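Submitted below is the structure of interest, expressed as structure tokens.
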Amino acid sequence: MLVALITGLATGALYAAAALTYNVMFSTSKVLSVTTGHISMLGGIFGAWFLSTLGWPIPLALLGSMFVGALFGLLTDFIAIRRVLARSDEHLWLLSTLALATMVQQAAGLWWGTEPKPFPRLIPQDFSAGLADQKYWLPIATAILLAVALELFYRRTLYGKLFVAMSEDAFAARARGIPTNRIRSMSYVIAGAMGGLAGFAAGQLTFAYFALGLTLTLNGFIALAVGGLGSNVGALVGGAALGILSSVATYFVGGEYQQTISVGLLMVVLLLKPAGLFGSQSVRPV
Amino acid sequence: MTLAARDITKRFGGLTALSQVSLELRPGEVHGLIGPNGSGKTTLLNLLSGYYRPDVGEIAIDATSISDATVQKRAGLGVARTFQKPRLLPTLSVLDNAMLGGWRDARAGFLASALLLPQVKADERELRSRAEELLHGVGLSHAIGRRANLLEHAEQRFLEIARGLAQRPRFMLLDEPAGGLTPAEIEHLAAVIRVMRDAGVGVLLVEHHTDFVFRISDRVTTLDVGAVIKHGTPDEVKRDPEVIRVYLGA
Amino acid sequence: MSNSKRLLAIALVLAALITLPWWSGDLYKLHVAALICTYWILIGGLNLVVGYSGQLSIGHVGLLAIGAYCFAILAGTHGLHPAVAIAAAGALCALCGLLLGLPSLRLPGFYFAMATLAFALIVTEITLAQGSLTGGGVGLAVPGFSPPFDTPQGTYWLILGIATLVTWLTWNVARHTWGRALVAVRDSVVTAQAVGVPVFRAKLTVFVFSGFTAGVAGALFAVLQSYITPDTFVFDLGLFFFVCIIIGGRGHILGPAIGTIVLTALPEMVAPLAKLGNFFYGLLLLAVVLLVPEGIGRVFELLVGRLRPRKDESHVVKPDLERLARAIVNGRAQ
């Protein structure tokens, strides 16, 4: 039972990290990108490649994963967001990010192979560590670290404040001379680095697996919607709730209905509180 | 039969957009609604057509409250409207856009439509001839088969009026219909509005083009900062010192 | 195109399709043709959801799977007549469409897309979990149709017939009042409400219809596959259906139909494309979204428009007041 709880918490932390990634991109562009989970997928795969195949030292591999994530974030903004946001059709970003996600996932599958591959140990530790195993607490620590860092970033730095201003009213922000295009690109780079880091930290839990992206896009979104779009505390709570619920359910009824249960959670929350647990923004009917 | 707003108050967050506003739209009259930007004209129009719900007060047709009726329900009760920025279906033809207005009069359901039952053809004939007559009437004979995204601004405005009229409305709410029109086009608009009025439609004219409003309205209501400051005939309103002070700025 | 010309074109295409077994050469091509028709039965219905009412469902593969398993279980395990099993598959999927649409169609676009994605994953989960019913990971053998549809040719003709019927049904919907209302739901909800279109009910209606066609397609698909496992219904297939419509063009029927044909046949003919698989679909989707967001169908329309002589492009509004007065008075008298 304790193992189920800690597994759930760790998986939930990864979902929470994905939800935070959604939030960062959403704040400046009002886009929920389908590529969100794929960033972490790339972080995991490239992390494993840097460490196992290229034999890079761990800090370098970590930076490498974050760099790949950041690059992919920038690419997402450049290819799938920038041109599409200029048009009025509100559905186009969904299509363009979906297209990009599909391409990346297939490319990763072709290059890396479709089998999950193990992710090396990051810290010397015996495999009998049980509950204290790094594969559990690394993602948990990462998610908390990301959330705290984001809050500090939003509150303490000039760029963070610009993000908040853009999130509240992009039009007014532009009118006041804020370079909205550059800020948005920056948010995608930051989101990419965050996702790369999360994928790297959770590598031992998820393995380096090309199909992780879509699952993470979905479950990260569920965590986000449960916690409340735009809220970082909500992302953490939503992720933890989702992870723990599905692993406890697995413990009691078996693992066959994980997805059904997580969607059930989403539906219940959306019915009771459409804006999510910590959401302030109401869901706009667009 | 009148469409009325009675003592309406509407707040958005902490901001009071309208406070205790009343307005009555009678059939066969043109009722002008003027006021500076942000005075609550469009908010009132959205309350009348059902996009907003009042916080206090009621919207009614005669004695029947329709405050809680959806936009769709009000369309069925004879309330039609146009939009400040024309909202057309850009990929459909002008004719199709006008025919959309007749949706409520089409009797064939989804399955009947799919199976092409005779009712579908009958609906289609009726809506088509109605829409064609209206399009010729508002002056779009030249553009009937054109895609709506190829229309120029004035054409879009007149098409919205035709679509609204295809709803066979008792009340027509026009949101700044003269915006962006040339003087000649404004004359056409005035003529079209008079025809609507003479045919018994109650026309609410939201405009900040004051000369135009005073010229063709039977009655005028003036709003400022969410409250009615003067209500009466164009002459009365024009001469009201309060109106002159806050609005005409003369 | 004038009506008679259009009828002639339709008749020619239909004749070519009906005689396909005699000139296609081999049975494999016939199989691909039957597969295209099967996909089209689903995509034709889905087109009303995605292409007309603008609801981006990426999870219709879940409905396809339900239809396929329903057919395999009823016609195979329980030995029901295939025709009954097909109808039951359609009805069950219409019901599933209703149950999926009721909570999700009220949500904004991205939420809805995610809900359909989750639905597809849930269906896979359930087929794996309910092994006694579905065969679990091992799968189920699917019986063929009953005579005269038990030969490859017969199967093809049956599927072609149903595909033609679905095309006709969606054409009728798209070309009349309902089609306009759906486009209004897609392009301007505010306008749809203003003219009285019940937005949610309209979305739900076409979603249930698309569930029905997806169920029927699932049954036919199962027969063509002759053996189904959860792996037959990978999520990529759902994406494929969706991409066919977007590439073909929203608000068209011919465009998505051509999209279905090309995207199914191309990987069969060009081997490297099959290897690239989803990457290729993703690339196409991206190219269309960035370059011609209205789809290939619109490009085609524009080309046809170019060939026509340019008409007088007047933009002068000249009201005919007497006619207007008559039209309004007539309308109010009704």
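Annotations for the structure displayed:
In order of appearance the chains are A, B and C, and numbering begins at 1 in each one.
One rule holds in what follows: a contact is a pair of C-beta atoms (placed from the backbone, for glycine too) under 8 Å apart; a residue touches a chain by one contact, two chains touch by 3 or more.
No experiment lies behind these values; they were computed from the predicted model shown.
In this assembly, the chain whose C-alpha centre lies farthest from subunit C is B.
Inter-chain contacts peak for the pair B-C. With centres taken as mean Cα positions, subunit C sits 38 Å from subunit B. Put simply, the C-alpha centre of subunit A and that of subunit B have 46 angstrom between them.
Centres computed as Cα averages put subunit A at a distance of 33 Å from subunit C.
Those residues of subunit A whose C-beta lies close enough to touch subunit C in the complex are 32, 79-80, 83-84, 87, 89-92, 94-96, 98-103, 105-107, 110, 214-215, 218, 221-222, 225, 254, 256-260, 262-263, 266-267, 270-271, 283-286.
Subunit B makes touch with subunit C in their complex at residues 49-51, 70-72, 75-76, 80-81, 83, 87-92, 96, 99-106, 108, 110, 113-116, 120, 123-124, 127, 130, 133-134, 136-143, 151-152, 154-155, 158, 163, 165-168, 170, 185, 188, 191-192, 195-196, 198-201.
Residues 169-170, 172-173, 176-178, 180-181, 183-184, 187-188, 190-191, 193-199, 205-206, 209, 251, 294, 312, 314-321, 323-332, 334 of subunit C touch subunit B in their complex. Of all the residues in subunit C, the ones that touch subunit A in their complex are 54, 56, 58, 103, 107-111, 113-115, 117-119, 121-122, 125-126, 128-129, 189, 235, 239, 246, 275-279, 281-283, 285-286, 289-290, 293.
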